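In what follows, a structure is listed as structure tokens, so that the remarks can point back to it.
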């Protein structure tokens, strides 16, 4: 997964980009980068590590200009190699381009081979460089970025929220299914495009609306314009963004994420009306769910696990034994809150099950009478090909396993997952407009060897619709 | 404030010390250090930064031996200079000594002058070097560490939990008033002494008991012995450790800190039975209080503020304007949970009031109807001389100001503090055995220009009392 | 200027590459890089700084495989940006390629535009990426590296000594004019190709012969083969390599560089038979010249300037004033050797003249009676377009200025340069086979706005001549 | 060995200290440090590594004030631990002190025990801290630094050139035997004291004179005064400073070091009038000697070995095999200059003999007919206790071995050393005023287990002698 942000602001952009990336850090901790343009030159800095490690004040001062883009990366495709750190910067025909991408393409190999067939060489192993090639390919003939974006939408299969900086103009677009999030906000003297609304909050900007699936946003010093390039029969917003990936304080495709999670917590209680002593979240991912559960049940919300807030790097834990130890220094049971109690333990999801097992054991050893595990998502049974770093079916504890077997594996007194329909209801978006690939094994686009229910896409280029008014009048879309 | 830990274990100590310091990181983030002894040589490493930044696996492997001590530091006395990073190591008469200290002395100047009068020079500006001098002074004549510790207890005025490593033996002692915490635990093949019980949990050790005020613990490969060196008429456990400083999952002088905080939350509700829509903690310090308040009131616990978990360094915010910005990137309001609601905002304490004001503003701007601030400690009206980094009276918002004025300053709808009696009740320790200096202006020992209610101290040296029974059988004492 | 090296050796290559680059450090101090291939994967490491700063033992151990290439860089084309650090690594049609280049192309812009016209994007601003594109272009159709090298020789205009690593095979080639040096040696279990013979000496290899202009050398685990791809009517070996750039202990195109310099020194004396007290070199570049001058004249060789051997980085000298100061800390006059003496000061060349002026002043201030400057190269009057980082004509002190004016500028008692004919005689290569562009303003290939005497090039592809026997029988060439 | 410098200058001192330390880098590469005082506070920075690595421009700007001292260290006593990096800074009775020391005490243990007996603890393992203690001891009672220096001279046995910064005044003194060098110079607006005159040259200061043995120099904003505190019957200037340690361009106790070395070279030729083809120095230490030899003999000076000027760190060579390899990358034979020649190889000294052997082998393998080794010092047969890092007798190749055996060990055609009398004559200081301990085994002060010819020392305190005339007019003294 990755986090992306682009800003055009008359007062300079590097510090605002920094704050925005800081707020998006949860979307990628492996590397960070910023590129800016000051009318003449492209400035850039990128490196491996957290945003606060990669940048300092001197560096930010050097990133001059009133337009820029930034990226945080948790690698899904492409090895963890320095060349892959984004933005991907290049010069083409005397113009400076920089590109950032959140998502994952599923036709990478075919596109790569096609371009290599023409003699193109690739300096990185990222999808982003392929997108750069398609854009250059179109610019070569038409010299129109609008056409280049349309070509991207025609050629790219997969999820992609992209921002391109072409000299002093930003072009932002989201795949026609809207798989990964992207939204627009106002800055003091310009505009911002970001993966999540929290990035806009971070430096005092104001959220305007989500970028529509298949839409192209164009921003420069003259203002902002928006055009729908493609319309799909149904969208396919990633359901896992709501459950796990997005920050709880983000509003995404019209819905506050915290609200979704809290409602799921309520529904989890309604599934069996279990009477317990305390509702205990797995920190921090389970907190909103547990708050909802506690609110609905009337049973007290009480922390049973204390998380160490000082993470530093976990370089010290290369072996399995040390990783187990690592759970203990990062998570410590609060015995006094657990002893002799009937505990409802609430978490957002169970992936491999190993962490869940260790936590349930920890709570049992601390003296809890019963540990009832409640999970904010249905069982994850299939991998994600569209940007979430999920393990293979073999490693997924719920894949091909009965719920009772999972319960036994994690040593819980009882286990229940939220049903998919309840989850969809909590999100408030029609199930047919969500991607539920990891929960159902049915994907919204063709993936070799997997079942799919493809969306039909209509390309609406040529009918450029000015959406400028939409941005003055609040939340409306075409 | 500082965190200290000492371990004797037949299987090596450096990795366990690392885990323990990691768990004590909340007590000091400025620097960290470890010294170990392997029967022949002293090994040491220290540096500025977080534990995870100062140490790595190679360094820990180099810290050989079965006895060692570690320290994390948030400087109270002594400037932030490299020399002051602890442990303080030195050789004296062919023996290797290393000392760590948590606390603050109030007769530093007098002691320093006295020793300088004899020609002694000081390489650091820490209290720890003064303690080292007193110990060397006694070792010179009696060559007995027990006598040296007794001399410390006679000479030192202030708070001090100290661990001395003298070659292969640890000597741990706590001031007669027991102002700062110190406890003992078992490791797999030895013993551990630490500021808080969470440090023992961190690497799988088991808590045994608190070190008694005025007690000396002696540990080496032969086992552990304990001796009471001084007994005070009343103790003076720091009340602020319970309210703010200690980790909620620590057990301190017999009391689980989380339990104290949660009970305070309950009592805060009982003070006015306010009917609200949600109970919202200031993360993370207010969570336990808010959980208690919510449990007692039946009003839902719901987060209104999201904390950014990726702190990195805040080097980027040198100016006041940037620091204000910094609050926004570290804390973001969850508008959906706050809008049109009557919010009870719970925090542990109000010191300067500037952060409280910003948070209340943030919640109001997010659309809350009312913001009722409830505080887990009484007004802080006086500075701390005994180890907590409190500002001067002038900077303390509650010092010499009516509660209504404070409420107005922070722009809250209503404000109430927990009464001191309720706080004492929640802690469960007699008020006369607590230090309430910062809340009352009355200190448990003489401090120039302040009121005090001194404790009488009886030195019980010569009558070494076996505390054998306090430890499990088989651990002989002197 | 750059230094390049490629090694195939059954016993691993990374440490040998390190030693070789260390020996080539004088050819480039800005950055260093190594890529290796172990039959399956490409390993790489590169960074800015000296070889010894970029690599350490752990890094070298990670660079696995029996084939590899290395590069040190002093940037002539391309800004000092991280992306430009070589080797340039990429994947193309499932194969791993890495390329290093020493030299400078003069048709970069045209080639770049041509490739951009096809949609190619460029990640770096180096010539090396253009060479990579030409190679990929040919591999696409013929899949023959031999054809790809031939295409390079047909398309590239300028100086280029190149090594390409294509999976487990090295392809090394030198431009048809042989402008930059390249030679071949034996390692214990394989072969080495390097810019200078000192790189072969560095790890105990043995020099075999120079790579011929227009020749392609192919090396892998099966052995070495050589093919002449192009033959020019005359070569154009860079004359400045002998005068300044190459290490004195290198043998280059059949000539020991030290020998050339010492002979020049002798000829400098023969030009006027000046009787002086001491012959003083400008350290270290003038030493061989001064030794030759002293030997021929019988006047004592005596150091008048002491060079500080500890360079460290000169980061501290950003201003002009500080740079002047910097000369004083790097070079100190030895007054006792200079006072009241008639000094012959010998240096290799005068470029801008500013350093010469400072040195002459320094020697005069130290009390020398007379300072006679003798220079091992003719006046430099024109820029270099083929790889040496020369300033523009405006900055060249000798460009358009009479010798007497130069003498006055540098405040010398007398000044004489070696005549070009004497220099050529000292080198022992026909003048028509040398590039004397910087000394005459006539270049060996077409450069816009400059005079040229182009060489005719015959492409001899299709008649692959096995030169294998040449390598067993010592120094012979085709 | 160490290098020291102290400066008082109305225009600030940190940059000048930096330049001076840079020039003294040959005296110590392990660590570097600077302390300054601005009338109110002491500023300091120190670290491990070269001067250019430890300091940068920002750091130098932070080192405020018009008085300061600096140190480079190659550890003789005290392990390579961070605490030992000098200056040694401390506060005593409200005053800031910083001390630097070049030399080695032989009564360290006794002094240490004596001070420990009083309860003094030591934070470092350096002699410098002991000197600090003696000074504090005297300041305690008399509060006179003059008395404190006198006490040092009475108590310290060994070599010591010391500079103490006491608030805004520098006190510099040299042991009564003058074993280590120390000299005084003028800066633009003040004075400088340094180990060698090159440190004064480095930033454009002018040399005034050497500090006399047993003399105390006092410098502050009011000017400079000098007082003789002790006079010895004979001095004991270290003979090895002339032969090896000092920079050739330094003037030391009245003699230019280069001149000494060149004269030695002449005398080496005069010892046997050997007719050879070339005179080849071991770079860089043998160059001045070889220049003298060549001048006297009329045989050409010609380099046979090329030194790699890029040292970087030699971290890569931890094993013996790698160290042998390291000679090859640092030193490369110039075959063309050596082949079929009768070579005189000149070096300053032979210590262990291992490097000499490798170099002779290298020259022989390069084809030299004969290799005649000539050495600028007599055989080194005994260790140094006074500051030079010499090995034990067992490791010294010449200790207890006939000259012919040494010759055979290093595989030279012939070997001859300069006779001691000739060396003394070249230096121009009476033999009885030099320390020849390492060459004769007789030391100028009592060392347990060694022969000594002690000097009588008369303490002339109380009779402060004005040395006014020794300095230029106008610089008043006490």
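Order of writing sets the labels: A, B, C and D. Residues in every chain begin at 1.
As a working rule, a contact is a pair of C-beta atoms (placed from the backbone, for glycine too) under 8 Å apart; a residue touches a chain by one contact, two chains touch by 3 or more.
Fair warning: this is a prediction, and the values are worked out from it, not measured in the lab.
Colleague: With a step meaning a move to a chain it touches, how many steps does the shortest path from chain A to chain D take?
Modeller: 2
Colleague: Most remote chain relative to chain A, going by C-alpha centroids?
Modeller: Following the centroid criterion, the farthest chain would be D.
Colleague: Averaging over Cα atoms per chain, report the distance between chain B and chain C in Å.
Modeller: 63
Colleague: Using CA atom averages as chain centres, what separation in Å is found between chain A and chain C?
Modeller: Computed from C-alpha means, the inter-chain centre distance equals 50 Å.
Colleague: Can you work out the whole-Å distance between the CA centroids of chain A and chain B?
Modeller: Taking the mean C-alpha position of each chain, the two centres sit 38 Å apart.
Colleague: At least two other chains touched by the same residue of chain C: list those residues.
Modeller: Answer for chain C, listing residues that touch two or more other chains: there are none.
Colleague: Return all touching chain pairs.
Modeller: Listed in label order, the chain pairs in contact are A-B, A-C, B-D, C-D.
Colleague: Under the definition above, what is the set of chain C residues touching chain A in their complex?
Modeller: Contacts found on chain C: 83, 88-93, 97, 113, 116-125, 129, 132-133, 136-137, 140.
Colleague: Inside the complex, what are the residues of chain D that reach chain C?
Modeller: 18-19, 22-23, 25-26, 29, 50-53, 55-57, 60, 198, 201-204, 247-249, 251, 256, 258-259, 262, 284, 287-288, 291, 294-295, 298, 300-303, 306, 308-316, 318, 325, 328-329, 332-337
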